[in-house]
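Okay, structure first, notes after.
We just call them A, B and C in the order they show up, numbering each chain from 1.
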Amino acid sequence: MSVIEISNLTKTYGKARGINNISFTVEEGEIFGFIGPNGAGKSTTIRTLLGLIYPTGGSAKIFGKDCIKYGSEIKKEIGYLPSEVFYYENMKVLDLLKYSASFYKKDCSKRMHELADILDLDLSKKIDDLSLGNRKKVGIIQGLLHEPKLIILDEPTSGLDPLMQQKFFDLLTEENKKGATILFSSHILSEVQKLCDRVAIIKEGEIVTLEKISTLKESTYKKFKIETAVSLDKEYFQIKGVNDLEEDRGTATFLFKGNVNSIMKKIAAIDIVNIWIDEPDLEEIFMHYYEKED
Amino acid sequence: MNLFFRELKASRKSLILWCIGILLMVAGGMSKFGGISSSGQSMNELMGAMPKALQAIMGTGSLDISTAGGYYGVLFLYLMVMAAIHASMLGSTIVSKEELEKTAEFLLVKPISRNKVITWKLIAALVNVLLFNIVTFVSSAAAVEYYNDGKNLNGDIAILLAGMFILQLIFLFLGSAIASATRKPKSAASLSTAVLMGTFLLSIMIDMSTSIDFLKYLTPFKYFEAKQVMFGGGLEAVFLILSAAFILIFLFATYKFYKDKDMAV
Amino acid sequence: MNIFIYEWKSYRKSTLIWSLSLAGLTILLFSMFPAIAKDAEEFKRVLQGFPEPVRKAIGLEIDSIATILGFYSYVFLYVSLCGSIQAMNLGSSLLTKEIREKTADFLLTKPVTRKQVLTSKLLAAVVSLILTNIIFVTAANMMASIVKTESYSISAFILISVSLFLLQLIFLAIGVLVSVIVPRIKSVLSVSLGTVFGFFMVGIFGSAAGDEAMRYITPFKYFDPAYITNNSAYEPAFFTLGAGIILASISVVYYVYSKRDISI
């Protein structure tokens, strides 16, 4: 079953671009990464899903129900952590969390204290006095305390130290194992790579690609680095599928995409000293999608 | 200097709105003059004999509202109220907004001392208040001349508005002093407004009853009343001295508290 | 319900401050009544020396100021000025504070509809106003019975007092309306002070000039104490107008707010 179904979703702000004709689905139980640089439309998409803003075209369904029409109903099962957390002033952490819990028709106090323990957060403090990272923790707890079936995270890790980030990821993995679906938006690729099953890359308001993380890595470039005894002709590796070729005193580096045999034959025909073939990390794939049209 | 221009720009829109308000107020208020001017001589005689409370209720005090000048004197009270609201809001927000909009961290890490920050802000506020005053003067002078059969009362109005300017300064610096002193930037504007409302209501109570006349030193709205300034010998020295004292105290407090302030983040 | 409770809690302090200030103002004003009533009696004697038409023109006001209701009618104007500022403040910060404090994201991603949010918030604001009015009316009643010189119509007194609440409802509605039309109000206080004082001054000049049409423009003139004193009732036309303004504003607010994008 699809937890999120987005079809042809469009949101324009006057003439300014928001998102254009976005479609994708998130299946039950998966951790779905949503990446793109600042201003690409990640938040716009998420805010539309949550009914904070209204689409100018297309529609989105969550749990099979239209996210605008059945907004309040589906939100019972959604936990949301915004990128910027500003909560009511003059309120203690505990009061805010209780207020948050009061929206869901179940007892959340046990889970609330569990989460506070895991994240090491003092519930008796005033929110105004908290640091950015600690405020973020409040955000995480209020998003997870009702054990939602769908967790939507908008750039959630900023402000958390690496240790907390790890704890937070563990939490998410745990929730995921219990059956929660997670939509995770970020511009930091390593965290998406670490956590997500599938990923959608968004650029200038449009989805550029949507792949499994594993296929994304497989089906794209491999990084070659070849050391040869003698300097090669500069154009030697310039065959179909090779990109970013660089030659420097007997060391050639390039990216290759296509039938591996064709490049292997080329390599076999010369005398090499050493060879490295690497899977590119997401970062490089990402850069690839973004640099292409510049 | 850059800070000065930034502040001027930021307050431009609200100043324009206020000036439109003043123009409407002066034009609208004076246009009613024709309706009242017919009441005649015996009315004034009667007014003189009337107890203070009744004068206040009739809305005129001891001003002769059958003349354009006297009528303007009535209107002037409300112009003063507007000017005071404008000045106190401006004074408190120009100081507190850095904390409210979380830009304090931006501004105060720049190579500029807090004293300079507050100086430029206050100068920008002064320019605002001055423009407000000039707009009031020009519109008042024109409107009064129009309804006074072409004779202008520019001299009287100029003195009145000089009084209003002092009032503006008092409330401007009161606002900035409160905003500097308070630890809650959000409540700065409300606090200044509360003081303003309190002094305004006090001035009305003084109008109604002779027995609390001595309280007039506490409310700046009684310092530069039209009947005194226009028809009773100009600005009074005691009030001028009091005003100067208030302005200096508030000004000093603004600098002092702002310098020692822990910025709310 | 939880939103209502939370909102109410956040209004507690300011409600208390406003209520006590209004009550304090009322007590102060009433305590001036005995002296003023005496002045008025003396002046009536002076008035004998003036020609008949003048006496007629002004006598009515003198007679009325010497009575509790007449005096109350006059000072009520200033009480209603303060009350209106309170209501307008409440109204215009109702929705803008969510945007300014960026808590709209928090509230609106909870399983509640925007209509529910709005209803709870409005109810909390109305409760705050009701409380203020209870305190104010109690103070006014108490003071009136202490300083009265002769008996007065209790029903007219209550009707005048309650008109504060009606006036506040109108300004609450106008406040919310302004806040949905101009969602990014920077300074709620200047907007509400500007609006309320604007209407207030229109009211003063309207009555000074005896301009009947002006009465329709400013809510401060909808509930005329003189009419209430004489008839022990509100003027039907203005009562309807007030109710109409409230209904129309609130409908627009519900419509706009449920359609609006919550920007970051």
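We adopt the following convention: contacts are C-beta pairs under 8 Å (C-beta built on N, C-alpha and C of every residue); 3 or more make two chains touch, one makes a residue touch a chain.
Remember, predicted model here, so these are calculated numbers, not experimental data.
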Exercise. Determine, using the mean of C-alpha atoms as each chain's centre, which chain is farthest from chain C.
Key: A
Quiz item: Which chains are joined by the largest number of contacting C-beta pairs?
Solution: B-C
Quiz item: Between chain B and chain C, what is the separation of their C-alpha centroids in Å?
Solution: 24
Self-check item: Averaged-CA centre spacing for the pair chain B and chain A, given as whole angstrom
Solution: 56
Quiz prompt | Inter-chain centre distance, chain A versus chain C - centres from mean C-alpha coordinates, in Å | solution = 53
Self-check item: Interface residues, chain A side, partner chain C - complex
Solution: 43, 47, 50-54, 71-76, 78, 80, 82, 84, 86-90, 99-100, 102-104, 142
Quiz item: Taking the complex as given, what residues does chain C use to touch chain A?
Solution: 2, 6, 10, 101-106, 108-113, 116, 259, 261-264
Practice problem: Spell out the part of chain B that touches chain C in their complex, as residue ranges. | Solution: 14, 17, 21, 25, 28-29, 32, 35-36, 42-43, 46, 49-54, 57-59, 74, 78, 81-82, 85, 89, 93, 189-190, 193-194, 197, 201, 204-205, 208-209, 211
Exercise. Please give the residue numbers of chain C that touch chain B in the complex, ascending.
Key: 21, 25, 28-29, 32, 35-36, 39-40, 42-43, 46, 50-51, 54, 58, 61-62, 65, 74, 78, 82, 85, 187, 189-190, 193-194, 197-198, 201-202, 204-205, 207-211
